[in-house]
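The next part holds the structures, each set out as structure tokens.
You will see chain A twice below: alongside chain B first, and alongside chain C after that.
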Partner chain A sequence: MRRARQGLVALSLALSLALILPRATAAQQAPAAARDTQMVTPEGLRSNASAKATDPALEARTSGVASGLRCPVCQGLSIQDSPSELSQQMRSLVRDQLAAGKTDEEVRAYFISKYGEWILLEPKASGFNTLVYALPILVVVGGLGLILTLVRRWTAVPADGDKT
Partner chain B sequence: MIGTLAHGAILVSLAVVAFGMFFIPFAIKRGRRDWVALAYSAVYTNFLLITLATVAMVWALVTHDFSVSYVAQVGSKATPLFYTIISLWGALEGSILFWAWVLAMYAAAVVWINANRPGNLVPYAATALMGISLFFGILLIGPADPFKPVFPVPLDGPGPNPLLQNHILMAVHPPLLYLGYVGMSVPFAFAVGAMLSGEVLTDDWIKITRRWTLSSWGLLSAAIIAGMWWSYEVLGWGGYWAWDPVENASFMPWLTATAFLHSVMVQERRGMLRLWNLNLVVGTFVLTILGTFLTRSGIISSVHAFTTGTIGYYFLAFIAVTLLVALALVAGTSGRLKDENRFDAPASRETVFLLNNLFLTAFMFTVLLGTLFPLVAESVRGIKVSVGEPFFNRMSLPMIVALLFLMGVGPAMPWKRTSMAELKGKLLPPLIGATVMLVIAVAFGARNFYALVTFAFVGFSGASNKFEIWYGIRARHRAHGENYLTALFRLMAGNRRRYGGYVAHLGILTVALGIAASSTFRTETEATLKPGDSMTVSGHTVRLKQVWGREEVQRSVIGATLEIVKNGTVTGTIEPKMNFYPTSQQPVPTPQVKSSIAGDLYANLQAFRPDGSSATIRLIYEPMVPWIWFGGMIVVLGSVLSILPTRSRA
Partner chain C sequence: MSRTRAFLGMLITVPLIWLFAKSMSRDPRDLGPSPLAGREAPGFTLAVFAPGQEALARPVGDSVRLAMFKGQVVVLNFWASWCLACRDEHETLSEVARFYVGKPVHFLGVLYNDDALSGNKWIAEMGGQSYPSVLDPGARTAIDYGLYGVPETFFLDASGRVAFKNTGPVTATVLRRVVDSLMAAASAPTAPAAPAAPAASAAPAGAGSK
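Right after this comes the complex of A and B.
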């Protein structure tokens, strides 16, 4: 009985931790999609079109930034996912800027200056926007607290005792 | 002509519905069951009239009667018959008409099935359904009138939205969605009926409600999966879920309905959570209307958002009225509901259900918040923000993995209390399942934290649910000496609801496995090929054979034929296309998918040279995507099993 209750406390702690963890691991969330582009002509020569894809590290960074930017002509797709022509152009812009030595943050800032905050698919967690991140966590933590209290109260009632 | 007739039918149906809605409470007050029966005929009459209007619309579409406004809007002589018929739900007015028809059908079915049930539950439920019908009838003569006369009559129309006439799944996804979505009106109507009739104090109404919720839930699940499939096959980006507002709109009531299907068991077993369950039923219905408001009013842009107009205000008013009525009823009822409020032990299935409900409703809240936040932020800060896929993935993944874990814990936990010894024995197979899946995932190169947790929990809960079924079979085998197959069938037949639930769990886990594998191990590449050039993605090589063009009746098609090459020999072809419709400036991508049980090879034509000298191809390898569709079918099987009445136990 007591062990079970401790277990429940541990479980809720673990779960609230799990909710906060994604912030910490966000850096590792870069897409796993390896872009192993290899374009070969019949003679076994690299064609010019594959030149853009020679650097896998650059490609990984490009897709990392691109998947956080919204395709302006689509409905909610990132420029990484969208097959539209504009997205392809924006993607090569991201690639060019990264290749020119800009940081991921600088590239994002460039797009914000062009389109406004709207271009980010995920709002920055600062100021008013914090609400959208904080409220769900509050609901879960508050709900876990409520369940803990209720279960404790309900198990304390004797078999045919008072109905609270 | 036919438009006037249909318009008249809708007007008459409005009068009929309004009469029935007010006459039933009056008849109940007077204690006249014969009057109630008379009012029921209003439900049937409404169904007939709306059927007439719907058939008239299909007829107008098929005969290209451009004097009807909706036909002038979505019809075209060049559109193939099949897509002409399904354009019934291809734009706002037609979809509202279809909604009204599905609702009228449900109302007629509810009354037909339960006509002889004593008590006032069904009459009041019929009143509520007619109230909802009245709202949709008002839409059909007001802001969403599909039968407005057009003059002068155009010779031809633009045809349906190209996206909606590009794939056969458009004939499957919307009807399933409406059947599931509108079906959530029935549990709501029963909740209202239970509160008005006082039957809310007994738990009998919940048995009827549960079955209606289950069938709508199964249809909504199928619709959501079919929608994912459509988006995968048509949108050309190789994904199936983008947290688009309309996807969220269909997902939110699914979450609360799922919560209800679990917590209702606590009510039946323990006489608890009555008030909570009422709120879930009301909330599910309100979410269906809110979702329709969000996507149909044009205040949030979406793939599916149709044209704007005044219809948003009607929806807002209806939501306000519904909430006021429902909250007043719930508040009036809450004082009378006396729950037992007693748990035997914290470690019990009851507790798992509470946690399940917490995560499902918190999930719903997160999706709702994310969907509405751009509106809130714009009105507060005056700045547009986007809340898209990265946000939803980040916030929902912890809740999804928690739910996946609970899905394995719940079935292994007995009601009331759990002894440690029993739990230890039951937890062994799930733990082995989790370890095996984890090892496989790591061996295939998964390193992402959530991916690993998801694979482990899918293994955990998969083993747990399978072993629950196995324990049942073994018990029958030992007790009755049945062979294992007979035992399986008799087990399922004997307690359909329980084992149907486990089957549905296994379906959801299969979907989760497909999503986790395809998003973790997806590889893609994009290249511009000349005829004869090849490209390779994770061991799959394709070679461009030719780029070609073709004129079809309603569109022009550009395609690229790619040969799939394995060890120097051609094993097949894959042919992504772009469809150009005269009404749309943007071509509609038409990717092609080659599926196998291991995964999909997905090719999309991104660009091409008009002279056919080169084509840009995006080639994606997505492991295990077909498991998502397969898992959806298992979910449907599970809900069908649960709905069928249980025969007497053998």
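Right after this comes the complex of A and C.
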């Protein structure tokens, strides 16, 4: 009986890991895949190509800032990953502002002043927003605690000497 | 013990269900009032491509600067020929603009992610447009106004601040009410530049984004 319980616990843990790990890996890969397959207009291709050719550092900074800004049309994608026309125009504006000497933070501040903090794909970790970052950690810690408690309870040797 | 467990379970699940239901019932296009409300309207210099009619006409190619309308109410309507919802408000906007001829109010259309040829063809199909429309290359002005899609209409008060934004097709009632209140505020001796009353309406189906 005890072995059966231990086997059941081990099986459920293995299943949980098998379910979680591929999703976590896929979540990390998805943005890169989206960038590789994004649709762009000929103008977008030309401007991207010329910027890369002239200043790779500027292009890298543009990508960095654009990756953190939400596409107003798609809403679930960054303006770096979105194929929408407005996103391409916003990306071009990011590039122009960086080229004009603005810092990454100043460019972000410009978009926040126009669209509100909603435009940031990742909310700032301050005030009420802290919950967004703290809650998953608390849930994971609480969940692990719960699992440990249950495993201990299930695998504990019964006081009356259960040998089944 | 079982009651405590049930209570704890409810304590966790009820707020989660409430959050889920609240998020699902929210219109993703309705993102609340514009952060520009009450702030100085972004300036622009844009070229006229559709002249408008009669008293409101401006020559094609004429450069329109926002600064030209200082001391007057400005109604800035972003539209496109590919936008279905823009058809619903077109006639209303033209009629209300005609109604305010001779008053310190300016109506201006801004073409969003579209070309002059399609814009003019659309205006002709719709039976004309009483006020002029301008081109916005690269949607720089649209981004400056924090545009999500079309149609969106911005009301600028006489001091040049953004007073109100309407998302989706604008109605005659909203147009008249906001414009009248902004004109009244401008003519009052100690006029506070307070935003006009109504809250932003959610965009109905048919509003476009590109």
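Following the convention adopted for this analysis, the second predicted complex is superposed on the first by the 105 of 164 C-alpha atoms of A that agree within 3 Å, B and C clash if a C-alpha of one lies under 4 Å from a C-alpha of the other, contacts with A are read in each partner's own complex, and residues count from 1 in each chain.
Operating definition for what follows: a contact is a pair of C-beta atoms (placed from the backbone, for glycine too) under 8 Å apart; a residue touches a chain by one contact, two chains touch by 3 or more.
Since we're looking at a predicted model, the values are computed, not measured.
Of the two partner chains, chain B is the only one touched by A:155; chain C is not.
With both structures placed on the common chain, the touch criterion links A:93 to chain C but leaves chain B unconnected.
After overlaying the two complexes on the shared chain, residue contacts for A:60 are found with neither chain B nor chain C.
By the document's definition of touching, of the two partners only chain B reaches A:128; chain C does not. In the superposition on chain A, A:114 contacts chain C only, with no contact to chain B. By the touch criterion stated above, A:81 is placed in contact with chain B alone, chain C being left untouched. Across the two superposed structures, the residue set of chain A contacted by chain B and also by chain C is 73, 75, 84-85, 116, 118. Of all the residues in chain C, the ones that touch chain A in their complex are 28, 31-32, 35-36, 113, 138-140, 142-149, 209-210. By the touch criterion given at the top, residues 235-239, 242-245, 301-303, 338-347, 351, 354-355, 358-359, 361-362, 365-366, 369-370, 373, 377, 380-381, 383-391, 394-395, 397-399, 401-402, 447-451, 519-530, 532-538, 586, 589, 604, 606-607, 618 of chain B touch chain A in their complex. Listing the residues of chain A that touch chain C in their complex gives 72-73, 75, 84-86, 89-90, 92-93, 112-116, 118.
If you check the complex, the residues on chain A that touch chain B are 1, 4-5, 7-8, 15, 18-19, 21-22, 25-26, 28-29, 32-42, 47, 49-50, 53, 67-68, 70, 73, 75-78, 81-85, 88, 116-123, 128-129, 131-133, 135-136, 139-140, 143-144, 147, 150-155, 157, 159, 163-164.
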